[in-house]
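So that we are looking at the same thing, I have put the structure below in structure tokens.
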Amino acid sequence: MSAPVLSVRGLITEFETREGSVRAVNNVSFDLAPGEVLGLVGESGSGKTITGFSIMGLVEEPGVIRGGEVLLNDENVLALPEPKLRALRGDRIAMIFQDPMMTLNPVLRIDTQMIETILAHRKLSKAEAREMATEALALVGIPSPAERLRAYPHELSGGMRQRVVIAIALMLEPDLIIADEPTTALDVTIQSQILFEMQKLMASRQTAMIWITHDLTVVAGLAQKVAVMYAGKIVEYGLVDDLLDRPAHPYTQGLMQSIPSNTSRGNRLTQIPGMTPSLLKLPKGCAFAPRCAYASEACKVAPEETAIGETRRVRCHHALGGVS
Amino acid sequence: MVADTPLKRFIADYVSSPLAVIAAIGMALVILAAAFAEFVAPQNPYDLMTVNILDGSLEPGETGFDGFYYWLGSDEQGRDMYSAMIYGLRISLVVSVIAVTSAVFIGLTMGMIAAWKGGWVESLIMRIVDIQLSFPALFVALLLLAILGKGIDKVIIALILIQWAYFARAVRGAALVEIRKDYVMAARCAALSPHRILFRHVMPNCLPPVIVIATVQIANAIAIEAALSFLGVGVPITEPSLGLLIANGFDYLLSGRYWISFYPGVALLITLVLINLVGDHLRDILNPRMNK
Amino acid sequence: MLAYLIRRFGQAILVMSVMATIVFFGLYMVGNPVDLLINPEDDLLAQEAAIRRLGLDKPVHIQFFHFLGGLVQGDLGTSFVHNTPALELILSRLPATLELAFLGVFFALVIGIPLGMYAGLYPKSPVSRTIMAGSVIGFSTPNFWQGLMLIMLFAVFWRILPAGGRGETVDVLGIPVSFLTWDGLSHLFLPALNVAIYKISLVIRLTRAGTAEIGLQDYVKYARARGLSEWRVINVHILKNILIPVVTVVGLELGNVIAFAVVTETVFAWPGIGKLLIDSIGLLDRPVVVAYLMLTVFMFVMINLVVDIIYSLLDPRIRVKRRA
């Protein structure tokens, strides 16, 4: 295995709210090799987006990164002074936001927003930057890119806007792209189209990627590794085929059973009972225990992360090796 | 929380801000001082028997010939500034309270008519409101006073004509919310008397915004009245409000006798700040309830 | 866009006619028109001749058309006191008022926007709290008293600026202006500041609220995630979105400033149209009062119109909505 581009170690991010402090990212660790895609999966509010922001050192008030390391090419991003961190953002690490409709500034034209990104990181003339932006738009399949550049965001459809944002992410050939559910806001055909194109580009450029999603089926087709998040913690982590074939954590199992194609016809779709817990009132011990069919006395103590096999890790007292 | 009556909950909400409580107490003191000016003021500045012309233009803290202590100084005629301010405050408050009360009444009526009738009645009323509110209040006041002439009653009429529009607009908005609810629709279909619905259900719903706006408009009315009086088109010289006191002091300002217009201005400023603080807090606590 | 312009123009003409009607029936009908339009110092014969000349013996509707006819031709009567056409008199005083109003609004924007943005970006800092407390006081202080206090401090106690008057002027394109001479500028400074203080508070409040709201938008975070400098995030991405509401309100305020200039001009003996109005009311020079009212109404309507158009140019979203 090649040296990892990204190595996250024990990342902890908290929000100081009026009701108390909330640990949105709790001791998260994983590695990513060049060209590798990690699927980060979990329910709404499990801390996926905040993990992404933390990796970029972009946690805003009232959030604070409390601990851990984010090693990008062996350099701890979190220890960098702000100017160096800023130089990384958008250049070495790019992020694609969750909602394409809200991501681009409505009062600035597309060219302004693309060119300013290039000029923030490259010593180029405006004309050269414009050239580069045009190429980037063409690359993500936007027809007549020179014309689109002069548009305002609201003049483009949601799919177009997301392509623009993807183009901006790819433009400077980063080492890592964090894609936060980049396709969920789009309709299914455009979704798979964009997915397919991105996959091609990433593979050809050896760009590592964290793909954040609710959707395990997307992960299956795209990622090499999966991390399943629950209430701020990675509860299960491993290679994609391995993990999806034999989910060890009851929560992963639950997620799999709620995918329509995974259950044979006639069987009812099973939902995970209960609701995502509020991070303010997490139960003692395992956070998933109240919703878990296997919960026992042991679960009153939070399970440590245990390795099963060479690449698998799971946090559960009742890890179900091989039961499906 | 024990939310027994709306009033108790309102009071509980209100006291949650110490600053607003202080402002409310301050406002109460100002109102009391104005109401009982005869007892609070050491001198009746409009009683020629008590005013001594020999005590004219004394600096703050000086003592007059008969031993009267002028802690805020005296004006040219020898009136005690402190007393003149309290009497002036009374005139300012009376003018604005009468004006705002009447404006509330007219605005509430027009707003509810607009919301209830709909159609061209609503369009007409709201168009008048829109046009009127597109001009600055002081401008409308000057226009009206140019037509009506000078005098305390004219000032009040001008203030009412300026302010009703704010209430009408807010009341219509609040009333529409309530009128669109199912039970009102049902009652209207059953041809029930509109009075009951309007007064029992629609009007209470309009009161929170009206209270908030009324507080702010009292401050505005005081400020507009003061400006008009300063410009010489407001209250007559025989009934000097705070604004007129300031105007009178203007002539002496350049010769360094600052206190004749400085202290009435401070009184005006304090009054306005207190009312605005109360108004801001009322808006904060009444708004969420409006959205509920 | 053209259809929109035509519609807005129609509205403006309607408002003008309504106001003309109100002024006509207010000033001509409520009072005795003879008192209003005829110099009471003329002898009886001359008065009767004037009544006939002005058509005051005709029925009301004829008189009304007469008034409207004069209005359209720009004939608003003749000043009793100055014996010049009222409109001419007002137009000769207008540059002084406009100079004051524009400088006041300029002060308000260049002082108010930076302070408001600071308060919005760092709401908890003591500096921001001071700014906001100052704006509450600026909001509550009566304009004319502020003017008196400025005179007291700068002209009476410190003796560094003149207390009133316009000072030396220079003709630019035949229009006298103060701001090009040192003496004129020193006379202009206090009145302009007096005009500005209230507006500064307003601009601070608007800008702070806008900054706080826009700072939370995804596109601002995205701008940071692309590695843009904080300077660019604030002064391009946030500022450009704030300018729209602030320009609208301040543009509308220009009419307000011209109306409130009545107060400032009276305090500082500034020879603009506001002072002319107050003097004319005092001297019962009604034709000038009527002319002032009609002209100001016209100005308000025009300002509203222009602001609407600027607004639609500034915000591309509105432009499209209207085009559609």
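First chain written, first letter: the chains are A, B and C, and each begins at residue 1.
We take it that a residue touches a chain if its C-beta (ideal position, glycine included) is under 8 Å from a C-beta of that chain, and two chains touch if they have at least 3 such contacts.
All values derive from a computational prediction rather than experimental measurement.
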Contact steps required, at the very least, to link chain A with chain B come to 2
The chain pair with the larger count of contacting C-beta pairs, comparing A-C against B-C, is B-C
Per the C-alpha means, the centres of chain A and chain B lie apart by a whole-Å value of 57
Here the gap between chain A and chain C, centre to centre from mean Cα coordinates and rounded to Å, is 53
Per the C-alpha means, the centres of chain B and chain C lie apart by a whole-Å value of 24
Chain B touches at least 2 other chains through residues none
Per the touch rule above, chain C residues touching chain B in the complex are 15, 18, 23, 26-27, 30-31, 136-137, 139-145, 148-149, 151-152, 155-156, 163, 255-256, 259-260, 262-263, 266-267, 277-278, 281-282, 289, 293, 296-297, 300, 304
Given the complex, residues on chain C that touch chain A span 217-229, 232, 236-237, 240-241, 244, 314-317, 320
Chain A residues touching chain C in their complex are 56, 58, 60, 86-91, 94-95, 97-99, 102-108, 116-117, 120-121, 152, 154-155, 165, 168
Interface with chain C, chain B side, in the complex: residues 131, 134-136, 138-139, 142-143, 145-148, 219, 223, 226-227, 230-233, 243, 246-247, 249-250, 253-254, 256, 258, 261-262, 265, 268-269, 272-273, 276-277
